[in-house]
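I've put the structures underneath this note.
Both complexes shown next keep chain A, but they swap its partner, so chain B is in the first and chain C is in the second.
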Partner chain A sequence: MWLLKEKIKEMSGCGIAGIINVKGELIPGDLIIKSICCQYERGNGLGAGFAAYGIYPEHKDYYALHVMAQDKSALEKVEEILAHKTFVNYKEPIPTKKVKTIKNAPLFKRYFVKPKFDEEYQMVCGEDEEDNYIVSLVMDINEKVEGAYVISSGKNMGVFKGVGFPDEIAEFFRIDEYKAFIWTAHNRFPTNTPGWWGGAHPFTILDWSIVHNGEISSYGTNKRYLELFGYKCTLLTDTEVVAYLLDLLIRRHGLPLQLACKALAPPFWMEIDEMEEEERDLYTAIRVVYGSAVLNGPFAILFAYNGGLVGLNDRVKLRPLVCAKKGDFYYMASEEAAIRSICPDPEKVWAPKAGEPVIVELEKGVIPNQRSYLEGRPKEVEEDALRIKCQYIPLQSS
Partner chain B sequence: MASPQFSSFYPDFLVQRIWERCIKCKRCVKECSYGVHVWDEKKKTLLADDSKCVGCHRCEAMCPTKALVIRRHPSDFREHALWTPWHIKNIYKQADQGGVLLTSTGCAQPYKNYFDHLVLDACQVTNPPIDPLREPMELRTFIGPKPESLEIEKVNGKFRLKKRLPPLIQLEVPIMFAAMSYGAISLHVHQGLARAARDLGTLYNTGEGGLHASLYEYGSNTIVQCASGRFGLHVDYLNAGVAIEIKIGQGAKPGIGGHLPGEKVTEEISKTRMIPVGSDAISPAPHHDIYSIEDLRGLIFALKEATEYKKLVFVKIAAVHNVAAIASGIVRAGADAVVIDGLRGGTGAAPTMFRDYIGIPIELAISAVDKRLREEGIRHRASIIASGGIRNSADVVKAIALGADAVYIGTAALIAVGCTMCQRCYTGKCPWGIATNNPELIKRLPPDVAYEKIYNLVKGWALEIKEMLGAMGINSIESLKGNRDKLRAVGLTEKEMEILEVKHAGE
Partner chain C sequence: MPFELNASIYHYSQVNNLIREAIAKGEKELILTGVNGHRYLFAGVSAEVRAKIYGTPGLDLGCFMRGPRLEVFGNVQDGAGNTMDEGKIVVHGMGGDVIGYAMRGGKIHIYGDVGYRVGIHMKSYQDKVPVIIIGGKAGDFLGEYMAGGVIILLGMNTIYPERPIAGIYLGTGMHGGKIYVRGKVKESYLGLGLKPYPLDGDDEKELERLLKEYCDDFQMDLSEVLKEDFVKIIPYTHRPYGKIYAY
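Then we have the complex of A and B:
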């Protein structure tokens, strides 16, 4: 049976892989499939998934909502909300293929939407308001619609995931038919819970997608911190927390990417105490203000957005992560073999240090709606305005 | 005919002398400040008046031949579940003398202790525990208001803060020493606390009795207190520490002010407190300039003005029924930290009825306050400091997992310097030289000994906290804050778990 809601927080070990082409050239899905399947032993058939950027150029200005539903009625409820709350430009079932080993798969459908604001509001509303609107919409659907989840919600990107080995999930979603300038993939090894489709990686919010190997021991603290800002952790996995933290720190608080990574995996006090005054003040402030955002525990994560791919390890490097570069391509994976399986002769291979992010952004202006977070962004207006106003979208159905 | 004193008929303790061991050195006579042991010159023997014994065990500990045993008095009343000896004897005392029953330390009633119904987590397989002997393990904690987010600018290719943080207090361990006034405890204990605080990288609190001249040098590890009596309060005092604590109430006696019996007001105390020798120092129940929340705001900012906004202002309250709403008001009034003192918080002197029956347990209060401040979006504006009944490092860990930023310990620090919990501090005769100002008695506890014991205790706790964090797979204390995942309840009701926001063990 497909388990929709797990009551227990999952724990898992895993394999991860990612590829980016900095010129925005499209990479066929075969490559990422090969790289993740090379790390077969890191999973146990209870979850796998892919995130692909640049796959919907024809709908590039619309938020692509990938919806997973356990039955028709759940899907209908979602559609009702979407009809009410968004302009749906286009919708279609996500193409899938029958795979013998995959049973009881949920329904998958994608919707290309824009927010529907009050009329006066529509006029003044920019990209940030639209993004926040979509965040609250996704939170609300995931929390309130029984049996349905929005599994990805960015523009020109999408997530495909489920219960199975990576090759099976790839076949099921016909991953080889897509081309993307950034790919990430995940092979899951949950230990304490039966796999469920919603629990597979990548996790997303807007165009942030995360694949994660590890367990976050600070989950309880992070979750409570995120709740302060209106994020609801409904999927009960560590990784969801990472996605929301990135969204909060980078997109909403406007921290430069490098510093946001340092907030998640901060330097030790003994290192900070050794720094020059200005830097010491900065890092002290990061730890003081973002103490509850620290991801404590073993992890290696890859996260991507419409414009870049980042690899990050925990502050003592308790999980593996290897990077490589060749030409315009950068590769990241749990194991070097996974990289060499698709790029046998990289120019450079390295293992990033604990807590040191590896940030690869696309060159400027090579893709539509490109985002860059290297420099940080102006912070959203006032302190209290930082909170997502969830009352924008009161939902009837529950 | 003089009326009989019923309360003297049934002593609490029995002083038992093992005559084969006793060498009649008369040490016990010297040690007992309550005059229990007497030397009978005529008969050349030692006598003991059990009815005066408070059970402090001083004579027993000091007897060179271990000839003394202090036991609960074996004389029994007939069993009665309701009318236990404690109630019967209290009634005798009041019938004999009228007046209010007095006592010391914290609540002695066996209410449910929630700390004892919470167990901690540890890593197994899926997640490696971290070994604090080999990896850094961080306890550094910052007290004070924090912005909700940072503003960063780039100058010469380097990121830096656009606006510096407001003043914060840095603690190297999240354990501070609770307010115990000079007067209630001896100067030596104060000196020990101050030095230990400095060497541990934490703070001690002067209590409401002012600050002895010898302690000004420990300023950067000092919290000065401003209580309703305003004893010893002047601008140098306010500027002496790093924080000023406005004491609204304390867990041992919510709703009433402090009380230092005249017996304890010696020459030195009178100077520091700025009151006459031998006079009772009774703080009023309310601050007479605080009759509502906006007045509190007035006082907070008056203190900040007086100290040029360089000091943090804490507000301490007893945990009472509406503690969450009150704490929220305090934070909105501008406090930089709220101190919540639970039902079990200790004291040098309190009416027994107050100590034992007023206030709520600290565990529930922490959770409720943390939750309320979060709901209102003001949690970052102030730290939560919890106190009242913290007995060991696991209690500290649990308090932080329930949402506190740091804790205060009082009774634990006194036990570390030899207190045996006889609960008679209010008499001013503490035979261990702790809760007294008698010049002879205080010699029994020199400042160096006090320092060493207190320092050792907190150092030990800090090590244990590091071990527990490592076992949970986290290497800094901020990842424990409010982390309910690390707690499970054993034997609590649904309602209790809802308030504490914890799951039951096995879930």
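Then we have the complex of A and C:
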């Protein structure tokens, strides 16, 4: 079984770091390793991880599923499901390296897949249906296959994470051999939940990935809310809900990114009272409709998708976050030193306001399958009654 | 000859050990270069020494220290001057969150902006009156739970023209000390139980004395700083929270 490490509680905070090149140029992994390792003392060796965007250009149109399994039989079960539910274009073990200090590592394998709908519908299913299909598939595997988890499922991106310090996890997954246009990294100091391989950050769904410093005290409320929409929290860590909330609010409900962030970290009523009428109505509605999506508790998060990197603090800024810019590069981290370790002379360094997202999107058309969420989704046309439903059919519970 | 150290190749604990050894040997002047994220520099050092620090020192710079005068050429991170007792930190840049946390004495002069909760729980006792002067703007909760000491907020040297001079919940829970703000501050931004007052003669003298030293540190023109009126923010009763159960 998974080794769920428990350790005496020490005081510290997680560390986070992120880099994006807005022209979509690839950044070597060494940089993000250096930035997160500058914040070494923010973790305690019970978790670290990296998210990389742009690493699978040769499979760019396939969902890259990174699967973590405790043994061969769990992996075989996943393969069986994938063979049944998807077209697997390519698969291989995720290259790893032996690291002395890393013990009891699970198996890691990646699969590049497309959804397999009923044959007659295959041609009419669009990107939305494909995304929804993959979300359901990931939920199904994580919930029903014992000992195996899909830890990332986006196109042209991947997550590498585990139990160890960031330099150890980087060496284990050979992070220095990848190049990406967006990187995020995490150095974990678990406080309330176990330090295990699945609980390391980043957390993901589709191409959403998130790293988090803090505690989501509203985990229970958020989890129950997400379950209404088919999301299942299986990884025993509070941060998992944020990945699914982003997918729900932004991709599925079509909220503009800025507003979705305001749903997660809403302004105080006192601030809403001082707004102009139109704005006041909007924020009142957001608080009423998305009351169960509010993230309560201290947090500084970085999240990324195929097209952008976002930094966000809780509304009273109980965790640190610093941003910087130089040329086409933007940097975000828990500490300014982490940025300066890889960019000693930024043009601009600033501390974002509490609850105000810092959104950096790539320039238009620089990467394949690029997404932009600045605008939100236009009002949908009434659904055609005759439209064929492309649906994922859940696995039988085992 | 001052004691010089390039910190970039050392872990913070090694840097702190080297600093302490040098001070024990009687060094009075120290110069640290290549500082980046080194934590707890000069923590708990009790000596009359001067140090120039080049780079971005890490968390809790000068925490618990009693006496050193630190001059930082760069920005300071969170918790600089945490619970410091005596001495001075001069920052030719910006400051992070919780600067001067529970500060009991000494001075912190910041040229630019600072983050959230600066001066939280500052206190004073007899002749020990801690002072924080901020040349730029401050985030929310400035002077939260303040029990003593002086915070001066100028709002002049800022990179955030779009932000108010101080964030919301200014001085929330404050029951002692004073916060001077250059210009005006929205009353709705103040914590409950506080009010802005015009300055009296003693306040003006105190302000001018403290600002003169600040202006000398940064070669700023004192008359320019004093051109605008200040307000003094203090609790308006002796027991401001006697009847408040919660916000």
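Heads up, the rule we're going with is that the second predicted complex is superposed on the first by the 367 of 398 C-alpha atoms of A that agree within 3 Å, B and C clash if a C-alpha of one lies under 4 Å from a C-alpha of the other, contacts with A are read in each partner's own complex, and residues count from 1 in each chain.
By definition in this document, a contact is a pair of C-beta atoms (placed from the backbone, for glycine too) under 8 Å apart; a residue touches a chain by one contact, two chains touch by 3 or more.
What you are looking at is a predicted structure, and each value in this text was computed from that prediction instead of being measured.
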Which touches a greater number of chain A residues, chain B or chain C? B
Considering only touches as defined above, state whether A:R224 meets chain B (first), chain C (second), both or neither. first
Contact-wise, after the overlay, does A:M270 reach chain B, chain C, both or neither (first, second, both, neither)? both
Once chain A of both complexes is superposed, is A:N296 in touch with chain B (first), chain C (second), both, or neither? first
Using the touch definition from the top, say if A:K317 reaches chain B (first), chain C (second), both or neither. second
Looking at chain A, which of its residues have contacts with both chain B and chain C? 268, 270, 316
So in the complex, the part of chain A that touches chain B is made up of which residues? 8-9, 11-13, 191-192, 215, 217-221, 224-225, 227-228, 253-256, 258-259, 266, 268-270, 278-279, 281-282, 284-292, 294, 296-298, 315-316, 318, 375-376, 379, 383-384, 386-387
Listed in rising order, chain A residues that touch chain C in their complex are 38-39, 41, 268, 270-271, 274, 316-317, 320, 322, 335-338, 340-341, 348-351, 353-354
Under the definition above, what is the set of chain C residues touching chain A in their complex? 36-37, 39, 55-56, 58-59, 75, 77-78, 94, 96-97, 113, 115-116, 139-141, 159-160, 163, 167-168, 188
Any idea which chain B residues touch chain A in the complex? 123, 125-128, 130, 135-136, 138, 140, 142, 146-152, 154, 158-161, 164-165, 168, 374, 377, 379-380, 401, 472-476, 478-486, 507
